[in-house]
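Structure provided below as structure tokens; questions to follow.
By written order: A, B, C and D. Residues from 1 in each chain.
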Amino acid sequence: MTNTIETISLAEARAVIDICERKALDIKQPMNVAVVDAGGNLVAHIRMDNAWLGSINISINKAFTARCFDITTEALGKESQPGKQFYGIQNSNDGKIMIFGGGVPLLRNGKVVGALGVSGGTGEQDCAVAAAGKKFFEG
Amino acid sequence: MTNTIETISLAEARAVIDICERKALDIKQPMNVAVVDAGGNLVAHIRMDNAWLGSINISINKAFTARCFDITTEALGKESQPGKQFYGIQNSNDGKIMIFGGGVPLLRNGKVVGALGVSGGTGEQDCAVAAAGKKFFEG
Amino acid sequence: MTNTIETISLAEARAVIDICERKALDIKQPMNVAVVDAGGNLVAHIRMDNAWLGSINISINKAFTARCFDITTEALGKESQPGKQFYGIQNSNDGKIMIFGGGVPLLRNGKVVGALGVSGGTGEQDCAVAAAGKKFFEG
Amino acid sequence: MTNTIETISLAEARAVIDICERKALDIKQPMNVAVVDAGGNLVAHIRMDNAWLGSINISINKAFTARCFDITTEALGKESQPGKQFYGIQNSNDGKIMIFGGGVPLLRNGKVVGALGVSGGTGEQDCAVAAAGKKFFEG
């Protein structure tokens, strides 16, 4: 029986976002950063000045996707290429499934309590910023 | 010819959101708060702990609507009732037009530079929180 | 048997739009203006500087609606109020049916060859600008 | 902090569209041409007589995409193939992301102030028409 779920608070989401913002400033690439909770629902989002407009939606959906399947969007992407086991998954869930790097689950005590989505640069940049946020949160 | 437009920065959006959050805490009603820029695109969003899930979308769309027509969603709502001049406007823009209180334009030097959307309580509560944010921003 | 349809050309659409723009400048209210052809498909659109963002979609959909039913959106709106014969029609056609003034069919030799949609001001202003375009086209 | 952004005016958008139209006439391929502003919102659109109906949406969305990520849709397309860093990006932003040639950012003084989308012919033709518009605008 599951009667409680661990989830992320707004205070925690903001702290993760702040770390991501600092990392984005470090690498001089403005980003969109979003955090969803254990229910996959948005907790907080920021678009840094001059970050891509198209990345608003992508950052939120990367976070959603990472919680949807408790997996990084990068790893999911590898399994979603033509010929792979999840090819086509990107058409599910009303088009909200993102299959390229920048979305990561956030764990507390080994349990996924939310997820983080970063979008605004190259795949490598998005992943670096997301990793900074994840590392901060998970300690 | 219009070659530049004034818009709101992330720093400003966050400051407005912080004021709204404080007001929401004052009235003991957790809220979703969103800010869009002059182009109607999301700049920042928060969902306070225990705020309604359905209000994520509503807060963002209230802000969008207020910038779409440079009007409060409350005032737009009055003109969108059956028999009124804008009845049916809520079906436009892919269902993103919100016609009840909580969305307000944000002005700087008399120009709309963005908008604020609040959702999570009664119409009165949403409007009170939005008013606090607007007052802070416009001074 | 119907083997040909009369439709509006891009040159005609642009001429109608230019007249509407002039009228909008006269009444000092920036507008979105759109023209669709006999097939209900967009031929041309302009958003005047500082016109409402939410009216891009509305102007196009008013033109679409006026051709959909070969009726002004104002007249359709009267029949779409609660209790009237077309109440609920605004939910059809993927939400593209607009039921307030500003959309008008464009006739040549008594046949509808396209439609005009105007959005950006009060219902009265939108209708005045649309009327100017229609009068110009129909002579 | 970013308080003003450079954007494109209707007069500029029309001038770009006129150049694209002339180029399309030169190569004898009717086109849809659309321009969005710095906020990604439509400023103007034309469909030349006999141009494809399906290209109305595509031209507008190519312009939107080019502004969403400040990149040509052709270049984005190269990074969105199976196995590439942005594979799957075409499912984001409600299906509005176009990943084949014809969408180009428009720069003034080195800043993206809007974007142009062309659709109606082969990829090569769309790109040639878009290039003509971009060259005219950027001088």
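We take it that a residue touches a chain if its C-beta (ideal position, glycine included) is under 8 Å from a C-beta of that chain, and two chains touch if they have at least 3 such contacts.
Please read all numbers here as calculations on a predicted model, not as lab measurements.
Under the contact definition stated at the top, the chains bordering both chain C and chain D are B. Among the remaining chains, C is positioned farthest from chain A, on the basis of C-alpha centroids. Rotating chain A by 180 degrees superposes its CA atoms on those of chain C, with the angle stated to the nearest 5. Interface chain B/chain C: under half of the residue numbers present appear on both copies, so the contact uses mostly different residues.
Each chain gets a centre from the mean of its Cα atoms; for chain A and chain C, those two points are 43 Å apart. Look at where the CA atoms of chain A average out and do the same for chain D: the two points lie 29 Å apart.
Chain geometry summary: the mean Cα position of chain B and that of chain D are 30 Å apart. Along chain A, residues 49, 53 each make contact with two or more other chains. Chain-to-chain contact here is organised irregularly, matching neither a line nor a ring nor a star, and falling short of all pairs touching. Under the contact rule defined at the top, the touching pairs of chains are A-B, A-D, B-C, B-D, C-D. If you check the complex, the residues on chain D that touch chain B are 1-12, 37-41, 94, 108, 113. The residues of chain C lying in touch with chain B in their complex are 49-50, 52-55, 57-58, 61, 77, 80-82, 90-91, 95, 97-101, 122-124. The residues of chain D lying in touch with chain A in their complex are 1-2, 39-40, 65, 67-70, 82-83, 85-89, 91-95, 97.
Across the complex, chain C meets chain D through its residues 9-10, 14, 39, 41-49, 53, 56.
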